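Below are two complexes that have subunit A in common, paired first with subunit B and then with subunit C.
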Partner chain A sequence: MFSAQSIAEKLAALDRRIIFLLVGIVVLIPLLVPLDLPVVVSRETRDFHDEIEALSDSAVLMLAIDYEPDTMAELDPMTLGVLRHCFRKGVRVVALSLYAGAPGIAQRLLEKAAGEYGRAYGEDYIYLGYNPDWSGTMLRLGESIKATYPKDQWGTPSVDLPLLKNVDSYDDVDLLVCINGSKYAEFWAAYAQARYGQRMVSGNTAVMSVFIYQYYNTGQISGFLGGIRGAAEYEKMLGLPADGTIAMGSQSCAHVLIVLLIIAGNVGYLLARRAKRKGSI
Partner chain B sequence: MHISSDIGIWIAALGTIAIFSFLYRENPVFRFAEHLLVGVSAGYYLVQYAHSGLIKKFWYPLTAGGNYWLVFGALLGAMMFLKLNRKTRGWGNIPVAFYVATGAGYLIPSVMKSMVLLQVGGTIRNPFAAGNSAGDAITTIVIFVGVICTLVYFYFSARRTGVVKHVSRVGMLFLLAGFGATFGYTVMGRITLLIGRFQFLLRDWLGVGI
Partner chain C sequence: MSRTAAIIIAFVLGLFMMIQFFIPHPAVTGIYNTLLDIKQIVLGCAFILGVLSLIRFHAGRIRQKQAGGWYSSAALLGLAVMVVMALVWGTEDGPYRWMFNNVQAPMQATMFSLLAFFVASAAYRAFRVRNLDASVLLAVGVVVMLGRVTLGTLLSWDIGGQTLSLAGASEWILHSVNVAAKRGILIGVGLGMIATALRIIIGLERTYLGRD
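== the complex of A and B ==
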């Protein structure tokens, strides 16, 4: 018969590597054997989708790919979703980055999505590359895109890019989409939206999502995606299930495990405390 | 299953496994991968910053575009290094002052509007405005009550008795709910990173069709 104290001691002494192994297993299995779990679309995701859906065929969307490899797992599905959404509709994309580690990611995703829909560089999309001084760039884009980025990522002068022929500031951009793993969405809201009235939506890592609700609530950000859950919801709305949807099975299983571990930890703590009290009497 | 023949994929996969080996225990393979990551990152960022800042933003416009006024900015930037020497430290304050003043000048108005004024406006809204659903009305009231109670919780100039005590306790509950939401999102983010690595190992490296 196990006493309360022995259970508490066992829980407290549990090797953390067992927990790592359990998390690894519950994440791995649903990837190999996909679970068809329902995805309920939240209002903020619906608004994000509807903002892009409402754009006309020849509209211009500015896509800020502001993240680096450490958050690729969460944000790549969002970026790919936006690009597929735009290229399917015929919306033209002006992509840029304010993170030094972003260009490799951006090039890969742009080429992948453009290849799927047969879109041409220069006409249907461009990539202006990385620009240092993020705050200055956000503000200066409101005055002149071509002055801020005299050349694109591959050295072509901006004035020679057909897409930028009649596009040179936020006035010519129909929607700004910021995919970021930091507080950049808040600063895009401050410098592009509050200063120039640029309509915008954002895709954020899960950790940063809690800070975006206040901007969504005030209407500065018209819709947003929060973490891989937001990506899965967006993929559902697009009817293009991809990595976000695949990840949700593992995500759900891992969450159940973590909840169980939290309960076990608390039970262990309470049992230990009770045993200690009994021992001290 | 088609295992990748791309050397880059193999390096990334072995690097991932080497980093994961830390979960078992600290070991030389992990340390090698860690140092490799730091070294590669430092090299990449040095080249990227130097090319983007010095070459693209200064040298090309100066030599090809004749933008000689950029020399002024370059000199200010170079003067930052004067702070490294005790004798010339005072001169280094000039670019710092310039940087702070221009930054404050062009950032404060936007930040004040977006992060203060509009946020205050977003807190105090009419829950019964036309077009609001019952859910919107409840959300608006909860936000208002939450902000007021949380502000009272951080008001330390009054004794925690009577009304202040109860209101601050409600504020604490809102804070706890906020921490819980943040924790939940953080767990989701961290698990997603693991999923991303597993997807890479299974799909890109081992060629498992997922």
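== the complex of A and C ==
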């Protein structure tokens, strides 16, 4: 009924619609019915967590929310995790963005986390908004935050913000956290860390995290989160399982499916090649 | 004349920005800060140019009644609606925020999410053991993919008192092999950037000025 050759041909040339359907199923089901998968915390995530954990109660953390809605599924859990971590400890947050589509995301996450912990705008956290000149901003913040951002996102003069009363440059910032889906973590490392010695950690999409290892190994970036896995690990360390932990189930299933598809494709390919060789002899 | 002036400005400012790094004097820092402020203003103006260029491009498509011209109408309508809503009701609350959260954000996220489907399909078709290079790429890809998820941490073996796991192998690839390759690339890129910057400063590289 089914010859080895026909099976080989089918395995080697699966219809892409079947693949799309399988991916849809393995991604969707773990989101609807969360899997309780064990999460092992990596060294880089532990370092990321420990850097924030080591901050004093009144420390100032600069949070660069440098991404747009395209990567929010991967990065929102990290930003929310950082905000919850800070607000729980009492660390003050100076947030800003160097991506045009970021302010909407930043506003939503800041309001959500601040509401959960009863933190007040202006005292416990501020949002300086978007600045189009990314490299100039990274450098200028080392000289003066108030000059770089004369007003916050909502038009309040920076000099009137209580949080910035004694804060005006990297000298007054205890830790910089950059959440991004691009090369911005590397740029922050080059301009804020290398030039001004600003201590920093970063949260990155899985794709971009491969670029961060070299900065992590040299200590320029003190810790980082890589993709959904990093977010899930961080949530575990915080004891606040949320969207990152749930999404990790989807990612795990999707990775296993892709590996199975690769194996199926190769079995089909090898069987077809063998049959072809036999046919030619 | 204008090209010469541009080359002189590039030379003077390029040289200044290079030297100021080593001179932390308040006077030098003051000029440096002013230049950074000017840069912010120039970039702000570039946005205006970008919007004008976008309007011109799509208006031309609509005017010429090109195929798919209604996509251009949708683009211009979206731009106009968001600008008007932001100017009238502000961005903190109101219809602008509603549109961002309920239209722009889901659409952008959906476009990016489609990658998962195409990556799965592409991986299935591309990762074939055709030769040694492809086989190594496939093996590394599978180890990293499984090592980054829970299954990788569960798959481990004790060999001669040493625990070998897929997660460990994945970590090693990312921390050692990946870093070695990336560092080499980064050094090359850095040297290239320095060479290009020097060529611009001394006026050898003039392509940034465009044609006469």
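What we mean here is this: the second predicted complex is superposed on the first by the 277 of 281 C-alpha atoms of A that agree within 3 Å, B and C clash if a C-alpha of one lies under 4 Å from a C-alpha of the other, contacts with A are read in each partner's own complex, and residues count from 1 in each chain.
Operating definition for what follows: a contact is a pair of C-beta atoms (placed from the backbone, for glycine too) under 8 Å apart; a residue touches a chain by one contact, two chains touch by 3 or more.
Fair warning: this is a prediction, and the values are worked out from it, not measured in the lab.
Engineer: On the A-aligned overlay, A:Leu238 touches which partner chain: subunit B = first, subunit C = second, or both, or neither?
Structural biologist: neither
Engineer: After lining up the shared chain so the two structures overlap, which partner does A:Gly265 touch, if you call subunit B first and subunit C second: first, second, both or neither?
Structural biologist: Second partner only.
Engineer: For A:Ala114, using the defined touch cut-off, is the partner it touches subunit B, subunit C, both, or neither? Pick first, second, both or neither.
Structural biologist: After superposing on A, A:Ala114 lies clear of both subunit B and subunit C.
Engineer: Touching A:Ile246, do we find subunit B (first), subunit C (second), both, or neither?
Structural biologist: Only subunit B; A:Ile246 stays clear of subunit C.
Engineer: Using the touch definition from the top, say if A:Asn217 reaches subunit B (first), subunit C (second), both or neither.
Structural biologist: Touch status of A:Asn217: both partners.
Engineer: Is A:Met72 in contact with subunit B, with subunit C, with both, or with neither (first, second, both, neither)?
Structural biologist: Touch partners of A:Met72: subunit B and subunit C.
Engineer: Is A:Ala59 in contact with subunit B, with subunit C, with both, or with neither (first, second, both, neither)?
Structural biologist: Touch status of A:Ala59: no partner.
Engineer: By the touch definition at the top of the document, which applies to A:Val23: first (subunit B), second (subunit C), both, or neither?
Structural biologist: both
Engineer: Would you check which partner chain A:Ala189 touches, where first means subunit B only, second means subunit C only, and both and neither mean what they say?
Structural biologist: first
Engineer: Residue by residue on subunit A, keep only those touching subunit B in one complex and subunit C in the other, then list them.
Structural biologist: 20, 23-24, 27, 70-73, 101, 131-132, 136, 139, 195, 206, 210, 214, 217, 227, 229, 251, 254-255, 258
Engineer: Using the touch definition up top, name the residues of subunit B that touch subunit A in the complex.
Structural biologist: That would be residues 23-24, 44-45, 48-49, 52-53, 56-57, 61, 103, 106-107, 109-111, 113-115, 118-119, 121-122, 143, 178, 181-182, 185-189, 191-199, 202, 208, 210 of subunit B.
Engineer: Can you check the complex and tell me which residues of subunit C touch subunit A?
Structural biologist: Residues in contact with subunit A: 21, 29, 32-33, 36-37, 39-40, 43-44, 46-47, 91-92, 97, 100-101, 104-109, 111-113, 116-117, 119-121, 123-125, 127-129, 138, 141-142, 145-146, 148-151, 153-154, 167, 171, 174-175, 178-179, 182-183, 186.
Engineer: Going by the contact rule at the top, pick out the subunit A residues touching subunit B in the complex.
Structural biologist: Result: residues 17, 20, 23-24, 27-28, 31-32, 34, 70-74, 100-101, 130-132, 135-136, 139, 150-151, 186, 189-191, 193-195, 205-207, 209-210, 214-215, 217-218, 220, 226-229, 243, 246-247, 250-251, 254-255, 258 of subunit A touch subunit B.
Engineer: In their complex, what parts of subunit A are in touch with subunit C?
Structural biologist: Interface residues on the subunit A side: 14, 16, 19-20, 22-24, 27, 37-40, 42, 68-73, 101, 103-105, 107-108, 131-133, 136-137, 139-140, 143-144, 147-148, 153-154, 195, 206, 210-211, 213-214, 217, 227, 229, 248, 251-252, 254-259, 261-262, 264-266, 269-270.
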